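For reference, the structures are reproduced in the following blocks.
Two complexes are shown next, each including chain A; its partner changes from chain B in the first to chain C in the second.
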Partner chain A sequence: MKYAYYPGCSLNSTGLEYNMSTKAVAKSLGVELVEIPEWNCCGASSAHLTDHLLALALPARNLALAEKDGLDVAIPCAACFARFKATEKAVRDSDKTQKTISEIIEMDYQAKNTTLSILDVFANKVGAQAVSALVSKKLSGLKAACYYGCLLVRPNKITEFDDPENPISMDNLMTAIGGETVNWSYKTECCGASHAVINPNVGRQMLRDIYRDAKLNGANCIITACPLCMSNLDMRQQEVASFAGDAAYDLPVFYFTELMGLALGYQPKELGIDKHFVDAIPLVNKLGQVQAGRDSA
Partner chain B sequence: MERLQLNETLSNNKEVRKEISQEAGVDISLCYQCGKCSAGCPVAFAMDYTPRQIIRMLQLGLLEEALGSKTIWLCATCDTCSTRCPRQVDVARLMETLRIKAKSKGKITDKKSDVFHDTFLKLVESYGRVHEMGLIMQFNLKTGQPLKDAGMGLPMLTRGKIHPLPEKINDNGAVKKIFEKCRQLSAGGEQ
Partner chain C sequence: MSKKVGVFVCHCGTNISYTVDCEKVAQTAAQEFPNVAYATDYKYMCSEPGQHLIQKAIKEHNLDRVVVAACSPRMHEPTFRRCVEQAGLNPYMVEMSNIREHCSWVHPNKEKGTEKAIDLVKMSTAKVLKNFPLQSTTIPITKRALVVGGGIAGIQAAIDIAEAGYVVDIVEREPSIGGRMAQVDKTFPTLDCSACILTPKMVDAAVHPNVNLVTWSEIEKVEGYVGNFDVTIRHKARSVDMKKCTGCGICWDKCPTKVSSEFEMKMMPRKAIYTPFPQAIPNKPVIDRENCTKFKTGKCGICAKVCPIGAVDFSQEDELETIRYGAIVIATGFDLFDHSVYGEYGYGKYPDVITGMHFERLINASGPTMGKIKRPSDGKEPKKVVFVKCVGSRDEAKGKTYCSKTCCMYTAKHATLLREKVKDSNAIVFYMDVRTPGKNYDEFYQRTAGEFGADYIRGRVSKIYQKGDKLVVRGEDTLLGKPVEIDADMVVLATAMLARHDAGDLARKIGFSYDQHDFFTEAHPKLKPVETHTAGVFLAGACQGPKDIPDSVAQASAAAVKVCGLLSKDEMKTEPIISAVNEAICSGCAMCIPVCPYKAIELKNITERAHGHQIERQVATVNSGLCQGCGACTVTCRSGALNLRGFTNEQILAEVDALCL
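On to the complex of A and B.
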């Protein structure tokens, strides 16, 4: 299994744990990731709010580079993934757009290749069963609130992945590595994205709802597949608690790839788990020590 | 909103409908005002008009009022509305189109949001990639809140999560050209 790999800007910076753990897990699962040479920023959430054409052209340059090598693209970041998928579809659906975009990027781009989120690759192309067979440390004691956020599953006709209201890919992976997942209502609610920076009081309210629902349903951590969701959920817990007058939520936040990495035998440091703001190490140390609930038989 | 004579504004509505349809590819006349978009909208609590109300305003020909709303800047384009709409109105696409339109007319009701996204894109144009530390510092300076999130700076640096210098791609001429061409085409009315 071989994919063109698009890490995106955050994965070299605020989301570096996601990059480390994705690469580690891919290696263990036999998924070859070839980084797109000289990739550029996809424009993420800023380009499509500013200029419709720019929002298509920025991802298109990367897609065209991968297409030249005949590779589908695998992307960890949910926001980059959504922009790539939107571009792919716009170019496939309209000859006029295909021509315009190819002219802008000065490369022929036909949208013959496709984009997959790394979650899709691990959960469905490799498959939870195959992952389960490779697990060396079962993560019993994990009670995960799997948080998909907006852009992995919406709009479904563009992302073509999982269910837009009740996705289960990440839950299946967490179960495959010996953890439990909780049923909760905020799986696909928005974390506020850049509101945490632009309009903090709006962002804080949105984050608070997510923490509270995760706790209410018995989760001991939140799992994400997006570097922006991670930044918001991990870095702003203290700030949100004091804004709302709540007690500390004390919810470690993980990338799903970090937990897969632990189950596949990597050490927390190799996966970047020591870099979190909410200290995740105490929970990590407990995982695998308690008898698993439904998996123990 | 001040008192309006709808029989006067209604005469615009065909024109508004056409404009929106051309620029966003969204037909606002499909909306039958069920409100599902607004019930599920995670940012509705902070908006001055709900997404449903914005569409109603457009149906009544009140384009300028919709463009002057805070709603179009607060929308997080999470696509919950577009996914749930029983009439397949792409509400999130409509919001981003209204925002682009408002900006082109100089109607910016959320300066911070505008500065943030402009700063983001300038960095991408300069370096080919976004420089997260530069983005936050420039944003905070330009919006007159230099100490915002300053406490996070050091822990992020020590964790290697932000870098003082931007990462560049070697052939950034290619990205600069993309920006330049999009500016020309968008100015010429290309969607």
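On to the complex of A and C.
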């Protein structure tokens, strides 16, 4: 299994641990990720508010590079994924757009290849069953609130995987590595990241709803597949608690790949888990202990 | 004597003459077409003077066949057949040339339109020359009617037919008649109790000497044709002897097995031996064999032990009975949309997101909560209830395209009843449109929104999710252009009315048509609303399309009138335009049998003399009562042995030759 890999800007900065853990997990699962040479910004959020063609042309260049190598593209970041998928579809659906875009990027791009979220790759292409077979440390004690956010599975016509109202691919992976997932109502609610600067009180309320519902349903952590959700959920927990006058939520936030990495035998440091704002190490240390205890007895 | 054709070209006001030069068509016919003895044009050929003109011409010019160039034969063929019959011709010696729908209405150019009209008349003239007189035959009529479905529509139709003096059987697949109306609490727009007005009708049907209730039974097979349907009914094993049972109720009191009651929308248990509701008719139980411990494990049998008269009979088996009927009324009702396809409303997994039918049972005095509104999850009285309309209706993406017609009114009723029963409650209704056509309907809605203070919010609900013990309902108020979020205690979805899940099976069994939603198709959307395309089969109630109680009852009575009209005759005329077999050239290949949609063709044995020997062979034979003259068999027949009278191969080819040669 071989994919062109597009890390995007986040995975080299705020989402460094997502990059580390994705590569580690891919290696263990036998998924070869070939980073697109000379890749450029996908234009997420700024480009498509500025210019329609620019928003299509930026991902198109990356897609064209992968197409040249005959590879489908795997992307960890949900926003990059959404932009790539939108471009792919626009080019595939209209000959006119295809011509215009190829002209702009000065490369022929036919949209013969496709883009997959790295979540889709691990959960469906590799498959939860295959993952389960490779697990060396079962993460018992994990009670995960799997959080998919806004862009990963919506709009379904573009993203083309999982259920837009009740996505389950991340849940399946967490179960496959020996954890439990909670049934909660905020799987696909917006995390309010875009309000963080402009209208922080609105954003804080949205985060608070997510934390509280996760806790209410018995979760001991939140799992995400998006670098923006991650920074928002992880960085602002203390801020939201003091804003709302709540006790500390104490909800470590993980990339799903970090937990997969743990289950596949990597050390927290190799996966970047030591870089979190909400200290995740105490929970990580507890995971799998119940299992170990039973084994020794 | 040579054949003499009269050609009559109609202007249809200006409908035809605007794009067709009618005078020229008539002139050309008179001058150029073979055997045309007379041709003329007239403004309205179907009018009295128009018909007199034809009759006069027949007599004056000794015409023996007629072409009328006018509208579609679906419109006026019967008119002109009658017209020529009065003038002494066989009614089948007239041909209609459709120069309106097929010509003037669809072509803008008068010159070309005229040219085409001339061609069409030329074809009809060629065909009419090959016409020969056809005679109707008669078939006897069995004076007994079948009503399939014992809901309010079926009950009403049966009572009306019975009152007219005919024997009628109601076949109902549930243990009791009553149908959906029995489940409903109050009826709009009067808020009278549904059961109070239904049960007297149920009793009327039960005690009427001409009505037979055949419950816990289904239609197995239907053969025959109008006036003579041979219907095989499957009497499902009731496990209770109907003749002995008195309905005392000891058996279901003592039965230890509890099953969720379908009648109570699974919100309350019933027993494995049960009647669906206390006012059931007949008030005699059935054993639900799938859940009965005796049938599952062989142990138990308590009901048989406690029955004082020994009416419980575990050894009963399904029985088949074939009865001949003259007419059939289909009144099989509807199913409700399953909202679990709506992920945004929780895939049906939130216990307090219920349907309108659940709400009916929750407010009903004999329902699971004895009429006190309690929400399913924790039994608390809901104070803030959101009603969502059009769930599954008017939704191309996940539901049905059509409007279910009844939901606006029953939702208004629910909101009113909630406000009446729970004084400090809020009723919030999300709607796309409020559609209340019907006598006193809009007034009812105005009272709900005014006097009863229900809040109507125009907009769709985009999402419902659980937040603690509340349900967050998120939607848009499209009049204010603002998002709204409501923390509700309970949500009631007005789910769409659907055709019965097995409606298509029944339609195929009996042989009539249904639409893309599996609703049964009426013969004409305006002028034949209770007939089907199959003679002798009539429709009543929601099986034909979403309908409320008043509409269902009205349609049931209409269907009953049609049945009585049919049964009042001793015999009926058959349409002579049917297939006929030329036995001499039929090879008995039977290719025609599977293509016949009316199951009208079968094989029979004939004996004939060939080369001095007596031989026996098989040939096709057409049942004149069943054949509807569609012609499918004639194009399938390899040897050309089948011919449709009135549309023989010779006649069709004459038309083609007239156009092409």
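Basically, the second predicted complex is superposed on the first by the 290 of 297 C-alpha atoms of A that agree within 3 Å, B and C clash if a C-alpha of one lies under 4 Å from a C-alpha of the other, contacts with A are read in each partner's own complex, and residues count from 1 in each chain.
Just so we're on the same page, a contact is a pair of C-beta atoms (placed from the backbone, for glycine too) under 8 Å apart; a residue touches a chain by one contact, two chains touch by 3 or more.
Being a predicted model, the structure only gives us computed values, none of them experimental.
Trainee: Determine, for the superposed arrangement built on chain A, whether chain B and chain C clash or fit.
Mentor: When both complexes are placed onto chain A, chain B and chain C end up clashing with one another.
Trainee: A:Ser185 contacts which: chain B (first), chain C (second), both, neither?
Mentor: In the superposed model, A:Ser185 contacts chain C only, not chain B.
Trainee: Does the superposition put A:Glu32 against chain B (first), chain C (second), both, or neither?
Mentor: neither
Trainee: What is the contact status of A:Asp213 with respect to chain B (first) and chain C (second): first, second, both, or neither?
Mentor: It touches chain C, and chain B stays clear.
Trainee: For A:Asp69 in the superposed arrangement: first (chain B), second (chain C), both or neither?
Mentor: neither
Trainee: Could you figure out whether chain B or chain C reaches more residues of chain A?
Mentor: The partner that reaches more residues of chain A in the superposed model: B.
Trainee: Have a look at where A:Gly43 lands relative to chain B and chain C in the superposition and call it first, second, both or neither.
Mentor: It touches chain B, and chain C stays clear.
Trainee: Based on the superposed arrangement, let me know which partner A:Pro164 touches: chain B (first), chain C (second), both, or neither?
Mentor: Both partners.
Trainee: Return first, second, both or neither, reflecting whether A:Met235 touches chain B, chain C, both chains, or no partner chain.
Mentor: first
Trainee: Is A:Asn199 touching the first partner chain B, the second partner chain C, both, or neither of them?
Mentor: In the superposition, A:Asn199 contacts chain B only.
Trainee: Of the stretches 259-267, 403-411 or 475-483, which one of chain C hits chain B?
Mentor: 475-483
Trainee: Across the two complexes, find the residues of chain A that touch chain B and also touch chain C.
Mentor: After superposing on chain A, chain A residues 164-165 contact both chain B and chain C.
Trainee: Considering only the defined contacts, which chain C positions touch chain A in the complex?
Mentor: For this pair, the touching residues of chain C are 342-344, 347, 465-468, 472.
Trainee: Tell me, which parts of chain A touch chain C in their complex?
Mentor: 163-166, 185-186, 209, 213, 216
Trainee: Report the residues of chain B in contact with chain A in the complex, numbered from low to high.
Mentor: By the definition above, chain B touches chain A via 42-43, 45-46, 74, 76-80, 82-83, 90, 92, 96-97, 99-100, 103, 110, 112-113, 116-118, 120-121, 124, 128-133, 136, 139, 149, 152, 155-156, 159-163, 167, 169-172, 174-175, 177-179, 181-183, 185-186, 190-191.
Trainee: Which residues of chain A touch chain B in their complex?
Mentor: 9-10, 12-14, 16, 38-41, 43-54, 57-58, 61, 100, 103-106, 150-151, 154-156, 164-165, 188-190, 192-195, 197-199, 201-202, 205-206, 235, 275, 277
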